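The structures come next, written out as structure tokens.
Below, chain A partners chain B and then partners chain C, in two separate complexes.
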Partner chain A sequence: MTVDEHAQKYPEVWKRFTPRQTLIRYAWYLGVVFVAIWSLDTLEIPWFYFLDAHEEAGDLFARMIPPYWAFFGDIAGPLIETIHIATLGTAITVLLALPIAIIAARNTTPNAFTWFIGRFILVASRSVNTVVWGLVFVAIFGPGPMAGIWSIAARSIGFVGKLVAEAIEEIDQGMVEAIEATGASRLQVLLIGVIPQVLPVIFGTIVYRWDINIRESTVLGFVGAGGIGIVLYSSINQFAWHEVSVMLIAIFGIVLVSEFVSATVRNHIT
Partner chain B sequence: MSTPTTWRPPKLIANPFLRYGLISFAVLYLICSLVPNLVPYVSLDIDWARAGRGLPRAADMLKRMVPPDFSRWELLQKGVFESVRMALAASLLGMILAIPLGLCAARNLVPMPVYLVGRAMLAITRTFHEVIIAIFFVKIFGFGPLAGVLTLVVASMSFIGKMLAEDIENMPPGQLEAIRATGASFPKMLLYAVQPQMLPRYLGVSIYRLDANIRHSTVVGIVGAGGIGQVLAASFSRYDYDFSLAILLTIITLVFLGEFFSNWVRGRLR
Partner chain C sequence: MLSIADLIKVYPTGTRALNGVTLKIDQPQVVAIIGSSGAGKSTLIRCVNRLIEPTSGRVVLNELDVTTLSRADLRKARRRMGMIFQEYNLVERLTVMENALSGRLGYVNFWQAYRRRYPPADISTAFELLDRVGLKGYQDTRADALSGGQRQRVGIARALMQHPDLLLVDEPTASLDPKTSRQIMRLLCELAHERGTPALVNIHDVGLAQSYADRIVGLAGGQVAFDGTPSQLTHQVLTDIYGEEDWSKTIRKVDKDDKKPKDRDALDRESAAG
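So, the complex of A and B:
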């Protein structure tokens, strides 16, 4: 081996990647940059809006300070309504998500058709945002918390159902076979063999979703589906920024508290 | 002492006081919240007579929705493309901005004051729903996709940043110490100790966020921040329910494809 060959085989400077890997990596970078430029370019963004953006933002914050603290008295009711919408919507989810998860899991669904139906419900429920569900349910139930509760439920079924269906597909099949071997009916197999195995997942997911739902229910009022969002939207439309800042602080508070409660409960369950 | 002859499945909550306490609390909660004007402030203001008329209204709405009207597909296509581009651009920018934010919020890398600022930013951006953030961006940057992109950037940044921060905190400290022991500077430590451990999950989370952004891009339009959501909100307010159903079906397909793509990429990354 000549000195050159030796130097090539055992380089003195350590490199993580071979030239080929580096080339492929740069090809990826180039692709990503291309996609970024294409998507930003075709959106036809008016860049000159950035020129006075800092002034607009500064103006907005100046109008928000000081917060109009006395407004807390007016928003206590809507805040409680927001929490109710999230909680009751989640309660409906508990009742509806489990049967749908059972027919959407491969190992518990009766036949291919029910499996397809189950999967379709889960995908449809998850694809449509809570606020869009809000539009639908306001048209059905009229404005108010009822529409909010159902929109929260409609969106959460997909979330909870998907995670529970995945948990059902991963259960220990031995327990199910043991129960089947005793001559249990299908329902008994479900109740004793399947559901106890996924109960911790069900409760964990529900509590987790509840805390997301608190966040979602703060904006349901924008489409008229009840809660603090109605007051927030009207204050924004009236440019009452002193009131808006109070509501933002209140929302920040309840979301933080609900996140803390949800994390504590989940730690106890699992 | 007699031996039990029938088997009962063990209860989820072993303590009977806690179990019955929780059940009675739930029942009490349902009664107090759902019966109108039972408890001031706590009871929801639900118009049950109006809600009862919901079912026939839903049937009527369904009748007007079916068959979906795809004749204005040009408008639909424009909205869908705008949503996808918004999601792409926002995911990329969010991915980039998440790195400094995630590093600042990792306790084992940065000093306490920086950590607190990083965590505070994560908490604030995560608490507020996309729609609330969108309203502010619409106020600052005017109607259109720019406000939508910026909203999704903020949301992606805080989502990926939080995951990144938590991953860095849970990282085994061995490599970090080994690289530090070679006398590496802080940027080199990031590059050789942190980055190789984080990269696969960071990419996985970012791809997940891309498909989440496609879902969220449908909702920021409701407050005028561009995309298919704006078309949907307009069709709902004009009671164009057959066009709304066409949009909803398109969104469901789009989200389904996005999810499929994201699962495929994440499977390849593993």
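So, the complex of A and C:
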């Protein structure tokens, strides 16, 4: 069949989008550009400072070098405290997030009221940043690592709880049915029918959150909630850039190690 | 033993899955329930242990009216009803032994279940059953590492761990290949007969039902359309249950040899392989 014959037999012209759809798509592109321009305009950014930004950056970098390595002796303590804050905060999360996830999942919550409570806790926890939680807990416990631990936990409960609750909502209901059919109690159904199914998600999420918490706990000191942040903040205020660079390198090292640990653990979960 | 009277189930969507099913099992026999998809087979079986709440009607197991029980009493009643599923419904990330022992959950408390500390008698029963279903040595294998046939064997062991008065079996072979299907049906029927446990078996495969069941109940439109022996299953009966079709190739002569394995050892070898 020649091309002409073919075109005669199947005369339909195929187009993925109608002209109307194409028009709508370009309208969206235009809209996005407009929003970006509008935002920049509203912010009234002083472009003047941008002119010598590259010089300032270079100057800052020069003042950081060489790092004042001896300072490491002073920050080892706060650095370890930072890791402890993250780890203890995550430990509290483990204990609190699982029951909250269970009442926040539609298929395991006892009733509509408990479901609402569960969802409310998850949303409340996630809507506030760790540093803001830090301000709250410093007001409650006074400055120090205790405030840091609880602000880490307060933020992480929402993160872990939400992901675990979503995993619970997606479990194979057949396994639950089978355990119910044996005459098991409600708690036993959770224990044998539900939790084994979401255990990889629980472990994976907790380790991932621990890794995030290590990073977040480095700035908790800015608001007085313990850890290396206090030292970092005071060095920045004193323009002691040689010290700041030591701390940035140390934090980078810790974050690298925690990422490695978290990735390894998640790879080994089956 | 089991008596179902005028059972009706209307789903919230308005579907009338069961429309007055009455059925009596008064001797330990394997009752195959056949019928087209949507005839109410699954609903019927799940209404017996109230995984699905019947709209009206009675289910009485050994003088106990299951339909009126409170939640707590229903749990106790469920302990006496073993259930076997099409998709096996083993807890995939638990071992074969943990799955088998989950048949005893109704008899242990939360902490015993948490620490997997089941009574020694349960554990030896589990070993015996795993041996019997052809899974000797598999106790520490995770369920997700098993083949379909092996999983269903664990499913059977879990149900029998309950020492049930009744077995509820929902399409036990629908996810299995033809050979494994026959092995599983044979094992299931042997065990039911050995233990004198009546079994309600939903099954799609008319041939399998004829070969292994003692009695066949046909459901059509949520009602009992046939109740008789496998040999009474005629062209006319199948047409009543499923509608018009050429049934001549489906109906098989009831072959007595099929039920009696020639050689026990050969069967066991087959079993372990499946």
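Going forward, the second predicted complex is superposed on the first by the 244 of 270 C-alpha atoms of A that agree within 3 Å, B and C clash if a C-alpha of one lies under 4 Å from a C-alpha of the other, contacts with A are read in each partner's own complex, and residues count from 1 in each chain.
Everything that follows uses one rule, which is that contacts are C-beta pairs under 8 Å (C-beta built on N, C-alpha and C of every residue); 3 or more make two chains touch, one makes a residue touch a chain.
Owing to the predicted nature of the structure, the values given are computational and were not obtained by experimental measurement.
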Clash or fit (per the criteria above) of chain B with chain C on chain A: clash
First, second, both or neither for A:V255, with chain B first and chain C second: first
First (chain B), second (chain C), both or neither touched by A:V128: first
Which superposed partner A:A36 touches (first chain B, second chain C, both, neither): first
Larger contact residue set on chain A - chain B or chain C: B
First (chain B), second (chain C), both or neither touched by A:L199: both
Partner chain in contact with A:H84 - chain B first, chain C second, else both or neither: first
Touching partner for A:A184 - first (chain B), second (chain C), both, neither: second
Which of chain B and chain C A:T18 touches, first, second, both or neither: neither
First (chain B), second (chain C), both or neither touched by A:L60: first
First, second, both or neither for A:M175, with chain B first and chain C second: second
Colliding stretch - chain C into chain B, listed as 8-16, 116-124 or 242-250: 116-124
Residues of chain A that lie at the interface with chain B and also at the interface with chain C: 192, 196, 199
Footprint of chain B on chain A - complex, ascending: 32, 35-36, 38-40, 42-46, 49-50, 53, 56-57, 60, 76-77, 80-81, 84, 87-88, 91, 123-124, 126-132, 135-136, 139-142, 144-146, 192, 196, 199, 203, 215-216, 218-219, 222-223, 232, 236, 248, 251-252, 255-256
Chain C partner contacts - residues on chain A that touch it in the complex: 172, 174-175, 177-185, 187-188, 191-193, 196-197, 199-200
Of chain B, residues touching chain A in the complex: 9, 12, 26, 29-30, 33-34, 41-42, 44-47, 50-51, 54, 57-58, 61, 81-82, 84-86, 88-89, 92-93, 123-124, 127-129, 131-132, 135-136, 139-142, 144-146, 149, 215-216, 218-219, 222-223, 226, 229, 232-233, 236, 241, 248, 251-252, 254-256, 259
Sites on chain C touched by chain A in the complex: 49, 51, 75-81, 83, 85, 87, 89-94, 98, 102-106, 110, 113-114, 155, 158, 162, 168
